[in-house]
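Below are two complexes that have chain A in common, paired first with chain B and then with chain C.
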Partner chain A sequence: MRLRDTLENYLFVLPAVAIFTIFYILPFIWVFQFSFFDWDGISPAKVFIGFDNFKEILFQDPSWWRSMVNVSWITFIALTFQNALAFMLALACDREMKMKNFYRVIFFIPPVLSEMVVGMVWSFIISDVSGANIINRFLISIGLGQFAHNWLSDPNTALTTVAVIHSWKGFGWGFLLFLAGLQTIPRELYEAARVDGANAWEQFKNITIPLMIPVATMVVILTILGTMQSFVLIRGLVGGEFAGHTSVPVLRILASMQGSSRFGYACSQGITFGVLLVTISFIQNKVSQKVRQA
Partner chain B sequence: MRNTGSALAGGLMVLAVMALAGCSSENSGASKRSVSVWHWMTDRQPAFEELANKYEAQTGVKVNFELYAPSDAYSQKVRAAAQGMNLPDIFGVLGEKRDFSSFIKAGHILDLTSSMDANNASWRRSFFEKALAVDEFAPENSYGIQPGVYGVPIDIMTIQMLYNKDIYKQLGFDPEKPPQTFEDFVAVGAQLKKANMQGLVSGWGEVWMIDCFANNYAFNIMGKDKVLATIRGEVPYNDPEWVKVFGLFQQMQEKGVLATGLVTMVNKTAEQLFANGKALFAFNGSWCVNVYKGMNPGLNYAAILPPKASDNFPIAIWGGAGSSFMVNARSAQKDEAVKFLQWFTAQDQQAFLSVATNNLPANKECLSQIPPILAQFAKSMDYATHPNVWGISESPAVIETLDKGLQSIMIGEMTPEKLADEVQKVKARELAKQKR
Partner chain C sequence: MTTKIKTGAYYKTKNITLNVLIHLFLISVAVTCIYPFLWMFMSSFKTSESIFRDIALFPSHFHFENYVQAIRDGDFGRYFLNSLMYTVFVVMGIVIISSMAAYAFSRFQFPGKNAIFYVFLAAMMIPIPGSFVALYVLLNKLHLRDTPIGYILCMINVGLSTSIFMLKTFFDKMPKELEDAARIDGCSKLGIWWHVALPLSKPVLAVVVVFNALNVWNEYILALIIFDSPKYMPLQVALEKFRGEYFTNYPVLMAALTITALPIIILYILMQKHIIKGITQGAVVG
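Then we have the complex of A and B:
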C-alpha cells in the first residue's frame, strides 16, 4: 500500500521531471558531450578528439581572447556607468518628487525594447551618413566640432560606443532593483539619524550603502551575466565583429556554429564561457559576503 | 478519492508519453494529402501562399508554407530539426556547399537526379544551367557526395554594382556611361568629395559581401584557376596578385569612393541609402530590385558589372541559384513534394513569382516576361560564378581572417601586404590540420 502511494506520488511529478530532463538536463549533457568531438552539427559522423577543442580555445584562438577582452570592457562600463546611473536615478525616484511614477515608467522603457531595434535606432541617432547625426551636430553646436566623427566605424570608439548604448539599454533593470531595495529601508532609521544630527551624506554612507549591499550584489551579478552574453545589440549597431573590434564571445560561438560549421568547437566555447561566468559569479558572491561581514 | 488520483496520474502519464512521442516522431504534422514547406523569405510569403492555393485548387494537395525569419533563425531551426529528424517535406539549406553536403551525408536530402532526367530531362532543361549547378554535385566532388542534383532552384540572383544615374549626372558624368575600369571608378571619388556625397554602399559590416567583392576581383586579376589553386593550397595568399586584390580596398578608401561608415554598415542601411538617393554606387544582389521598388519606386538606377581592374581575365560576379528547395529524403510525402516542386518551377508559376516578388526566375523559359531592370541582372548571368560550384571550399577560418582583414585595410589599420601574410599564416595552419 505504501509502495503504491509512493509510486502514485512519483507519477504526479513525472511530467515535470520529464520536461525538465528533456529541455534542461539532456541539452546540457549533450553540449558537454559534443565539446569533445569534431562535428559539424549535421553529419552522422562525429570524431572524438578529447580535449583538443579546449586546447585550441585556450592556446591557439586569439580571436576568442580578443572577444573576452572586448566583453570585459563592455562589462566594466556597464558595472560603473550603467549601475551608477541606475542607482542615482533610483535614489532620485525614491524621494518625494512630482511625477515619480512617470519617471519610473520612462526609465524602464529601454530594457523592454528589442536589442535589435535599439541597435538600429541608435545607429540612426549617431550615424552621420544614414541617420540624424544628433551627437555630432550637438558637438559642433557647442564648439566641440573636432570630436565629431563616425563613432561606430572608428576602431578607437566603436567598442566604447557599443558599451555606452548597452548601458543605456540596460540601466532600467538596475534602476528597478535599486528602487525596490531603497524602498525596503525603514524610514525610521533616517529619522533617528536625523535626530542624532546626521547630515544627508552621513545618512547615505551609514544607512543607505550598508543596507543596499545585498541588492547591489544581485545587480552586479545580473549585470555581469547579462552584459557578457550580449551580442544582438552589436549586430544591430555594427553588423557583427567589425574587424574584431566589437567581437564578443557569443558572436564567436555563433561564428563557430554557423559560419564555420564547427558545432563541437562551439560547444567547447560555450562550456569555457559558462565556466568563466559561474566562476565570476562565485567570486563576486564571496567578495560581497566579505564586504557585508566587514 | 484514491481512484480519482490514480486516474489523474494515469492521464498525466499518457500525456507525458504523448509529448515525448511527439518530440521524436518525424513529419508528425503531415497528413496524407498535404506538403509542408519551411522557408525564410519574408517578402515572398504572400506569393507562395497564392501559388499554394492555386495548387490545392488544381490537385487537392494542400501546401503549407511556413515562414521562419530572419534567415539566421531559420538556419538554426533547420539544423535543430535535422538533428531531431523532424524536418518538413520541403525545406531550404542556407550556408555553404559544405553545409549542404552535410545534410546529404546525413540522409536528409533526396537525390532528385532521376526526376530531373525523366521525360528527356525536361525539368532539368527548364532551368538556367548555372542555377542548377549550385544544387548539383559533380563526379569526384571533394565533398564525397554521390554525383547528382539535390535541390531545386526557385529563383536566381547575381550580386553586382548599381549606380544612381541622377547622381552620376549631377557629378558631371554621362549617366549612360558608367565607369568601365577600376581607375575610372575610384576617380569618381574626387568628384564625390567635392560634392560632399557618398560613394559605394553595401552590407560590408556583415562581411560576406566583402568576400564576394574580393573574389570578383581575384577572378579578374588572376583568373579562376589560380583562385582555386590558392584554395587547394598550391598558391600562397601572399602572392603579389592577391596583394593587388587586397590593395584595391586600400585604393577605394584612399580615393574616397567608399561611403563613410561602410565597414560597419548592414545591408539594410545600405539599401536605404541607395534607394533614397544618398549614395552613388551600391554593391548588392538582384533581390534589391524588390527592396528599392518598395522604398523608392522612382529611383533611376542601373546594374553594371564591377569595373574591371585588369585585362588579364574577365570579371566574375557571384550568381546562380538565389534560393533552392530540397526534399526531405525521409518524408512520407516525398513523391508529392517532388510533384509540387515540378509544378512550382514550371514557366507560369515562375513568371508569376518573378513579377510578384521582383526576383529573377530560375526557369529560363519565362525571361521574356520579367521587368527590364531584372533583365539587366539576368544578362550578367554569363559572368556568374559561385563558391558552391567550384567543387572545393575555402576554410572558414581563412575566409574570416580575410574578411576581417579587408575591414582593417579600409579603416587604415592594416596594409595589403600584412593581410596577405596573416591570411597565409592561417591557411598554412588549416592545411596542416587537414593533413593530420
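Then we have the complex of A and C:
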C-alpha cells in the first residue's frame, strides 16, 4: 500500500521529468560532449580534437571577438539609455494620477510583440526609399537634413541604430519592475524626511536610491542576460550579420551550425558564451550583496 | 493665515507646471510605442505606389487586397493556423504537465523530491546559448525534426520550469481543507488534482497560460532550425521567408506583419492585468 502510494506520487512528476530529461538535460550534456569534436552534425565521422575548438575561438577567430564587441556595445546602450529611460518613466508615474495604468499598458506593447515583427516594422519605417521615414523627416524639418540617411544600411550607424531600437523594445520591462519597486517604498519615510527638513533631492538620494538597489540589480541582470542573447531583432532589422557590422554571438553560433556545418565548433561557442553569461550574473549578484550590506 | 494660503497656491502652480512637463514626457514616449504599429496597420491598406506618396498615416483609400494577396499567394492563412495550433497544444501540454508536477512538489512526499525540484529551478538560472544545436541533433535521431510533434515537445520543455515554479508557489499558499474533504469523500489523488486543485488555481493558471501563449506565438529560433517544410512553419519564420520573396511590395508585407502581430495585441489588451501582475510579482519571465 505504501509502495503503491509512492509510485502514484512519482506518476505526477513523471511526464515533466521525462520531457525535461530528454529535451533539456540530454542536450545540455551533448553541448559539452560535442564541443570536443570536429563534426558536421550528420555524418558518422566524428573526430575527437580535445580543446582545439576552444583554442580556435579564443585565439584564431576575429569574427567571434568582433561579435563580442558588438554585443557589448548594444548591452552598454541598453544598460545606460534603456534603463535610464525606464527609471525616469517609473519616477514620473510614481504618484497619484489617473493615467498611470494607461501608461503601464502602452509602455509594455513593444515587449509583448516578437523581435521579428518589431525588427521588420522598424526596418521599413527608417529605410530610405519609403516616405514614412519619420526620423529623417524630423531631421529635415529642424534643418539638420544633412544627417538624414538610411541608418541601417550605413555600416557606421547600423549597430547603434540596432541598439537604440533594442532599447526601445525593452524599456517596458525595466519600467514595470522599477515602478513596482518604487510603490513598495512606504510613503511615511518621505513624510518623515520632509518633517526633518530634507529637500526633494535629499529624499531621492537617501531613501529612493538605497531602497531601489535590489530591484535595480534584478533589472541590470535581466538586461544583460536578455540583451547579450538577443539576435532575432537584428535579423528582422538588417536581415543578418551585415558583413560583420551587426554580428552578435548567437548569430555566430547559428552561422557555425547552418553556414559552415561545424556543429562541434558551434557548441564550443555556446559554452564559451554561456560561461561568460553565468559569470556575469554571479559577479553582479555578489557585488549587489556587498552594496546592500554597506 | 494669508501666508499659508499664499504658500498653498504657490505649490499648486508649481505642481501644475511640473505635472504638465511629466505628462508631456510620458505622452511623447507613449506615442513612440504606438506609432510604429499604427503605421504598420495603416500601411497594410495602401498600395505600393501610394505608400510612398501617401505620407499621411491614414490611407486615402482602404485596399483590402493586400490581405487577400498575403493569404492567397503568401499562404499566410496556413502559417496563422500553424502558429495557432502550436500555441494551443503547447499551452495545454504545459498547463497539464506542469500543474501535475507542481501539485506533487507541493503536497506529496517521495524520495528525491527536493533534488528533482532544484534541478528544474537550476534550469531557469543557467542559460545555454548553444542548446539549439544539440536539440537539432536530438530531433534528427528521434526522427522528429521537421514534424509538428517535435516542435511542440521542445516548446513544452521551454515553458516547463517557470510554470512549475509559479504553480508550486501558488499551491504552497493554498489552503488544503477542500482537498482533505474530497479525500474523505473517497476522491483519488488524480481526481483531487483535477476537480479541486486546478479549479482553485485559476488566477495563477491565467498568468501561466498568457505568458506561455505569448512565448510560443513569438518563438523563432527553434522553429527556424526544426522546420524545413514550409507547410509546417509558424508565422515568425514564414515572415522572414516572405520578405525574401516580396521585398519590394511593402503593403503586402505590412498585411502579413499585421496578421502576425494583431492576435498578440488583442490577447495583450484583454489580459494586460494578468501580464502586468505576473511581471511585477516576481519577474517570472527572464
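Note that the second predicted complex is superposed on the first by the 273 of 294 C-alpha atoms of A that agree within 3 Å, B and C clash if a C-alpha of one lies under 4 Å from a C-alpha of the other, contacts with A are read in each partner's own complex, and residues count from 1 in each chain.
Please note the rule applied: contacts are C-beta pairs under 8 Å (C-beta built on N, C-alpha and C of every residue); 3 or more make two chains touch, one makes a residue touch a chain.
Source: prediction; values computed, not measured.
Q: Putting chain B and chain C onto chain A via the overlay, clash or fit?
A: With chain A as the common anchor, chain B and chain C collide in the superposed model.
Q: Is the number of chain A residues in contact higher for chain B or for chain C?
A: Greater contact footprint in residues on chain A: C.
Q: Report for A:Ala200: first if it touches chain B alone, second if chain C alone, otherwise both or neither.
A: Neither partner.
Q: With the two structures laid over each other on chain A, which partner does A:Ser260 touch: chain B (first), chain C (second), both, or neither?
A: First partner only, chain B.
Q: Check whether A:Val47 is in contact with chain B, with chain C, with both or with neither, and answer first, second, both or neither.
A: Neither partner.
Q: Thinking of the overlay built on chain A, is A:Pro15 touched by chain B (first), by chain C (second), by both, or by neither?
A: both
Q: Would you sort A:Leu277 into first (chain B), second (chain C), both or neither based on which partner it touches?
A: In the superposed model, A:Leu277 contacts chain C only, not chain B.
Q: Identify the partner contact of A:Ile109: answer first if only chain B is touched, second if only chain C is, both if each is, neither if none is.
A: The second partner, chain C, only.
Q: According to the stated criteria, A:Val291 is in contact with first (chain B), second (chain C), both, or neither; which is it?
A: Neither: A:Val291 stays clear of chain B and chain C.
Q: For A:Ala158 in the superposed arrangement: first (chain B), second (chain C), both or neither?
A: first
Q: If you stack the two complexes on chain A, which partner ends up touching A:Ala92: first (chain B), second (chain C), both, or neither?
A: A:Ala92: touches chain C, not chain B.
Q: Hey, what residues of chain A end up touching chain B and chain C alike?
A: Looking at chain A, the two contact sets intersect at 8, 12, 15, 19, 22, 41-42, 129-130, 235-236, 239, 258.
Q: Mind listing the chain C positions that touch chain A in their complex?
A: Those residues of chain C that touch chain A are 22-23, 25-26, 29-30, 32-37, 39-40, 43, 51-55, 96-98, 100-101, 103-105, 108-111, 116, 119-120, 123, 125-138, 140, 153-154, 156-157, 160-161, 164, 189, 193, 214, 217-218, 220-221, 225, 236, 239-240, 243, 250, 253-254, 257, 260-261, 264-265, 268-269, 272, 275-276, 279-280, 283, 286.
Q: Quick one: in the complex, what on chain A touches chain C?
A: 6, 8-10, 12-13, 15-17, 19-20, 22-28, 30-31, 34, 41-42, 85, 88-89, 92-93, 99, 102-110, 112-118, 120-122, 124-125, 129-132, 134, 168, 172-173, 176-177, 179-180, 218, 222, 225-226, 229, 232, 235-236, 239, 249-250, 253-254, 257-258, 263, 266-267, 269-271, 273-274, 277-278, 281
Q: Would you pull the chain B residues touching chain A in the complex into a rising list?
A: Going through chain B, the ones touching chain A are 5-6, 8-10, 12-13, 15-16, 19-20, 23, 72, 75-76, 79, 82-83, 95-96, 98-99, 102-103, 105-108, 198, 203-207, 259-266, 269, 272-273, 278, 396-397, 400, 404-405, 407-408, 411, 413.
Q: Can you name the residues of chain A that touch chain B in the complex?
A: 8, 11-12, 14-15, 18-19, 22, 40-45, 63, 123, 127-130, 150, 152-155, 158, 235-244, 255, 258-262
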